[in-house]
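Both complexes shown next keep chain A, but they swap its partner, so chain B is in the first and chain C is in the second.
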Partner chain A sequence: MLPDTERTINAEPILDVRNLRTHFFTDRGVVKAVDGVSFQLYPGETVGVVGESGCGKSMTAASIMRLVSHPGRIVGGEILFMGEDLVRKSEREMRRLRGNQLAMIFQDPLTTLNPVLKVGRQITESIRVHAGDDREDGGFFGWLRRLLDPSGRISRKEAWDRAVDLLRQVGIPAPDERMRAYPHEMSGGMRQRVMIAIALACNPVLLLADEPTTALDVTIQAQILELMQDIKEKRGTSILLITHDFGVVSEFCDRVIVMYAGKIVEQAPLDELLDNPRHPYTQGLLASIPRLGDKSHKVRPIKGIVPELHDLPPGCSFSTRCPLADEYCGRVEPELEEIAPGHLVACHKVDATAAGAKGA
Partner chain B sequence: MNIAQVITRLLQLIPVIIGVTFIVFSLMYLTPGDPVEVMFGGEGAVSEEDLARIRRELGLDRPFFEQYLRFLGGLLRGDLGMSLVQRQPVARLIAGRLPATIELTAAAILVSLVIAIPAGVISAVRRYSTIDKLGTLGTLLGVSMPDFWLGLVFILLFGITWKVLPISGRMPFGMEPEHVTGLFVVDAVLTRDWVALKTALRHLALPAITLGTSMAALTMRVTRSSMLEVVQQDYITFARAKGLSGTQVVLGHALKNALIPTVTVVTLNIGILLGGNMIVESVFAWPGLGRLVVDSIYNRDYTVVQAAVLIYAITYVTMNFLADVLYTVLNPRVRF
Partner chain C sequence: MATATPTTPVDGRAARRRAWARTREQLADFWRRFSKNRLAVVGGVVLLLVIIMGLFAPWIAPHDPTLPNFRNRFAPPAWMEGGSWEHPLGTDQLGRDMLSRIIWGARASLKVGAVVISFATVVGIFMGLVSGYYGGWVDVVIQRLSDILLAFPYLVLAIALMGVMGPGFGNLILALVYKEWVTPSRIVRGEVLAAKNVEYVEAARAVGARDRHIMWREILPNTFSSVIVVATLRVAWVILMEASLSFLGLGVQPPEPAWGSMIAQGREYIFSSWWLATFPGIAILLTVLGINLLGEGLRDALDPRLRE
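And then the complex of A and B:
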């Protein structure tokens, strides 16, 4: 499961995010939801993005899909997807990618599936919409033709059969029957499977999964993770998994990115991060996870809350909550530095944290 | 929703309608004024003994409940009584006026939907744009301008200054198409009488636009606000993430959700309009139910007013029922 370091270094990344900045221009000031984020994702790899709510992890995914809504805007950086910069693409070019090579699934399938449309229609639509992509004749009549008949090449019947097949692949029993159901007539786990089926409709190269298991029961979570594991192995899809759950990360990811207040604070291969976390925030996150059956382990929550993103402290954003912070941390912002192969940390106190990590 | 559920709902309407008949009848019974005196035009024209005899013949001396039951029995046979003034069966009078009102209602609703739905959707999708601002201004005007005033302005502009559209009635005398349904537009199409069709549409234009404009204002407002709510939902983001275009997302995903509140407003509006819009029908001399009622109130024609009020109430109840049915069609989560 772990990528061999050779491949990670030699292969071309499928996704190369460079200094991405997505800001929201609100009445209360500029909210820097994503502020200078850079990372790569290699073919077949699964990278977890962890952090508390409001740290910018969902906005990073929304920026990659170019689905940031008003008053938010990508203000800088590049998002190279298979070598092409998504930030510079037109809306029409983005539309061809979305749901095609680039797919996304969301947290709550109850609110993400349209409540008034049958499941079948919602799946076939995502199959048909990209079948007509190559007939991009311009002008009003081209627009009208695409509107009236979004597919060009695929018949309803064909799309229906493929949708049934997709449902079968994501493990839905009696898929023919399920096609005619409304989302509210299904269970949470079923709905999440439907959403995954929709995302897989056009065989994406990259799947962005924004908290795909958070809204589900623990037993269902495990099933969905297993399904995603299966997809990853069978199709070789690269996955960017956004979550706040280290349990999910440790089960599923090859590498982990830890975000705090719109920035990456630590990035490392999974085992390295779990064994040797170096950023005080990562250490805090790991220490705040309860462990079953281990009474000696005491849950130590990180004190305080994520600062308001439009009013960040100067210097290191974490300095207000960090047990190791001194005056220097509150003044100078730390840069992300590589301390071991593939292990990047943004902290002035990196030398001090190594010892602390062993105790955690 | 299946047929059995619709039928159950329909059966539930029966007690409501019986209740309505009781209230209408009681109100008429309690209203001051003597119908028999009205029939014979004021005091002193007919002797007291004759008046008493006529009351007895009409059953007006009977106890309240007996009168009510007779009234109910008549209703079941389609007998709404005789007009005191016009000396004709009320049912026939109303049947003569109903097509005009239905035609005007349908045209007004059509006008309002054609304006309101696109305007509401566009101003929600392009929020704070020029179109949105114009729409808001238009809504404000539409709500603030009283129907009779707007009607008069239209008459002045289109009828008198520019002389492009007729300003009164449904049809010049003798030009009516062959009677099939009573709806001139439909009859003209059915009998392929294109001259009558053109004339009927020209007569419909001003009253329908007058009524439609004020209704469009409210409908657009409701559509806009529910659309604004819908476009922020997760399923809209997900639809965009599938690669659908803005238009496909709005028409295919947002509209059906956004129209749910609109349906309520529109069906209730239909209910109000089918009662006959007294003001607009009067302004344009439209021979519909509204004008019949206004005339009957002036003439103290009790039986006609009573029947009309009853029809209003029943129409309203029916429209409510229709709104419920449409609701379940649009929103599969709603169950009876």
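And then the complex of A and C:
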């Protein structure tokens, strides 16, 4: 369900991140985990954020949820979600958005479910969490009103039925029984389905999926992706998929953002990026994926490691590992430039990286 | 999409039955681990006997524990020369039945132990949760307060408090809870600090849960197993404290029987009539030992690292 270009251009973006900067103030210096990231996400669209570990992709998601914990802080930029800036929202306003219009799925379903609580309770609680939101205000008298008249809350029975229904929707067999199980009695795939059910509990507009399939077996991965595809099609939820796995991206995303050392280095529609990657880093990432059956293809790892984020080289962050880098790259930081419709690259050597001019 | 599809009642009942079967299985599993530790089982049995003694004292005790009989003072235990089965453990300096007094004394000890630990645990859980979860100055204030309380020797503090407030059951409870809450609060705080950055707490925050929801509903249940163990072990300590205070005349007041005051009174006759001080002493020893053995067994059986 690729959104057609017309709609993408005309529609208001659901999420408009502008020059987001999230820094960590550590003893060893300021770590710029997210450093000037801008992108848009349109209704019904799925955008993949790709990069190595520590490139800032998870911190981007955490910033959008406003769940960056100490010593990290959003130091600049705007996150416009349905036209409203999340950076300037109060903690209470944020709390109401989280799990409501804005939901998140985490990487490891083993640790994201509370081990001592039954699954059913964990789902029903997340349904009930937002039920009393609209009546939260009013200080003492508001509290008294809620106490005397709890009808605004969803009853346990109602929440239970809805949870069973959710479990059924995410493809869990015998949901009634599963509701009474503890997380350790379920498999990893089942648990991730439960996490997705929790995320879907309040019908979110935007789903942030932080490596949702990384901790799972390949066959289970495919099932979970299929489930997410299904949800996307049925509900029209926009999804920001954070992953390091190009395989997942190529199956699932409409557009791809490639991040490196806290910055976006390339951004393009999926086919464009796979056919015509222009940043040396993207090319390196694609070349480092093993391909089954293709004997002529040799896996080429990117040399070197991600530089320490508190001690980045001047100029282009990738210059220390880039096969094309010259003295200029090490001095001047490249800007993101649009080289084709919707295709943005931040590289001085963009002319040398075209498919014809074989570079990396 | 959001409409609920109610499950058929038959379905729900079957699921509930299976869930109950699983719970039974877990209990059986717990028992398997617990019963492997023979000493813990013995400790549990001893404590159970003491609890039965305390609960059913009016029906078990052969005599009124406060009724003196001046014709039959210092009667020795039944197996000694001059003893009779009328008073199996003999009588005290006022001719009161020792066995009955020990049985009633169990009641006093357990009452103080249970009430103090209940209050202390509730207060401690609250303080520990708040302290660990919010951190910052709240944490500093609560922790320094605990440090101050811990810096005083327990007994000295309790004596001072009892001296100021005067004897009485309520004051006794207060004097012990005053410091006893620190232990559970430290335990809970530690568990909260460990759980605070765990992913499921992050996940709860990501669905928009309030702080108090996260504290009480997500983190607290994770601390239960350690709180249970600590509370059990501390009961022994509190019973010992109650006995000490009663020994000093600051705890349970005569004529109500308490093991501590029985030792204090019997101490004067230790050479002529040793049973006056010895039997209550053995009662304290067995109770405290039993609780400690049980507590350690529980700790091993509830250790999350040994689970699954």
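Note that the second predicted complex is superposed on the first by the 340 of 360 C-alpha atoms of A that agree within 3 Å, B and C clash if a C-alpha of one lies under 4 Å from a C-alpha of the other, contacts with A are read in each partner's own complex, and residues count from 1 in each chain.
Assume contacts are C-beta pairs under 8 Å (C-beta built on N, C-alpha and C of every residue); 3 or more make two chains touch, one makes a residue touch a chain.
The structure displayed is predicted, hence computed values, not measured ones.
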| chain A superposed: clash or fit between chain B and chain C? | clash
| task | Answer with first, second, both or neither: which of chain B and chain C does A:125 touch in the superposed model? | result | both
| query | More chain A residues touched by chain B or by chain C? | reply | C
| request: Kindly classify A:100 by the partners it touches after superposition: chain B alone (first), chain C alone (second), both, or neither? | output: both
| request: May I ask you to decide whether A:116 touches chain B, chain C, both, or neither, giving the answer as first, second, both or neither? | output: both
| task | Based on the superposed arrangement, let me know which partner A:262 touches: chain B (first), chain C (second), both, or neither? | result | neither
| query | Between chain B (first) and chain C (second), which does A:165 come into contact with in this model arrangement: first, second, both, or neither? | reply | second
| Touch check for A:72: first (chain B), second (chain C), both, or neither? | neither
| field | Among 24-32, 186-194 or 240-248 on chain B, the segment whose C-alpha atoms clash with chain C after superposition | value | 240-248
| said: Let me check the overlay on chain A: which residues of chain A are in contact with chain B and also with chain C? | reply: 65, 67, 69, 95-100, 103-104, 106, 108, 111-117, 125-126, 129-130, 184, 195, 198, 201
| Which of the residues in chain A come into contact with chain C in the complex? | 65, 67, 69, 95-100, 103-104, 106, 108, 111-117, 125-126, 129-130, 158, 161-162, 164-165, 168-169, 174, 176-177, 179-181, 184-185, 195, 198-199, 201, 203, 234-235
| remark: As the complex stands, chain A meets chain B at residues 65, 67, 69, 95-100, 103-104, 106, 108, 111-117, 125-126, 129-130, 143, 146-147, 150, 182, 184, 195, 198, 201
| query | chain A touches which residues of chain B in the complex? | reply | 233-235, 237-245, 247-248, 251-253, 256-257, 330-333
| said: Applying the document's contact rule, which stretches of chain C touch chain A when the two form their complex? | reply: 1-7, 11-12, 15-16, 18-19, 22, 197-200, 202-210, 213, 217-218, 221-222, 224, 308
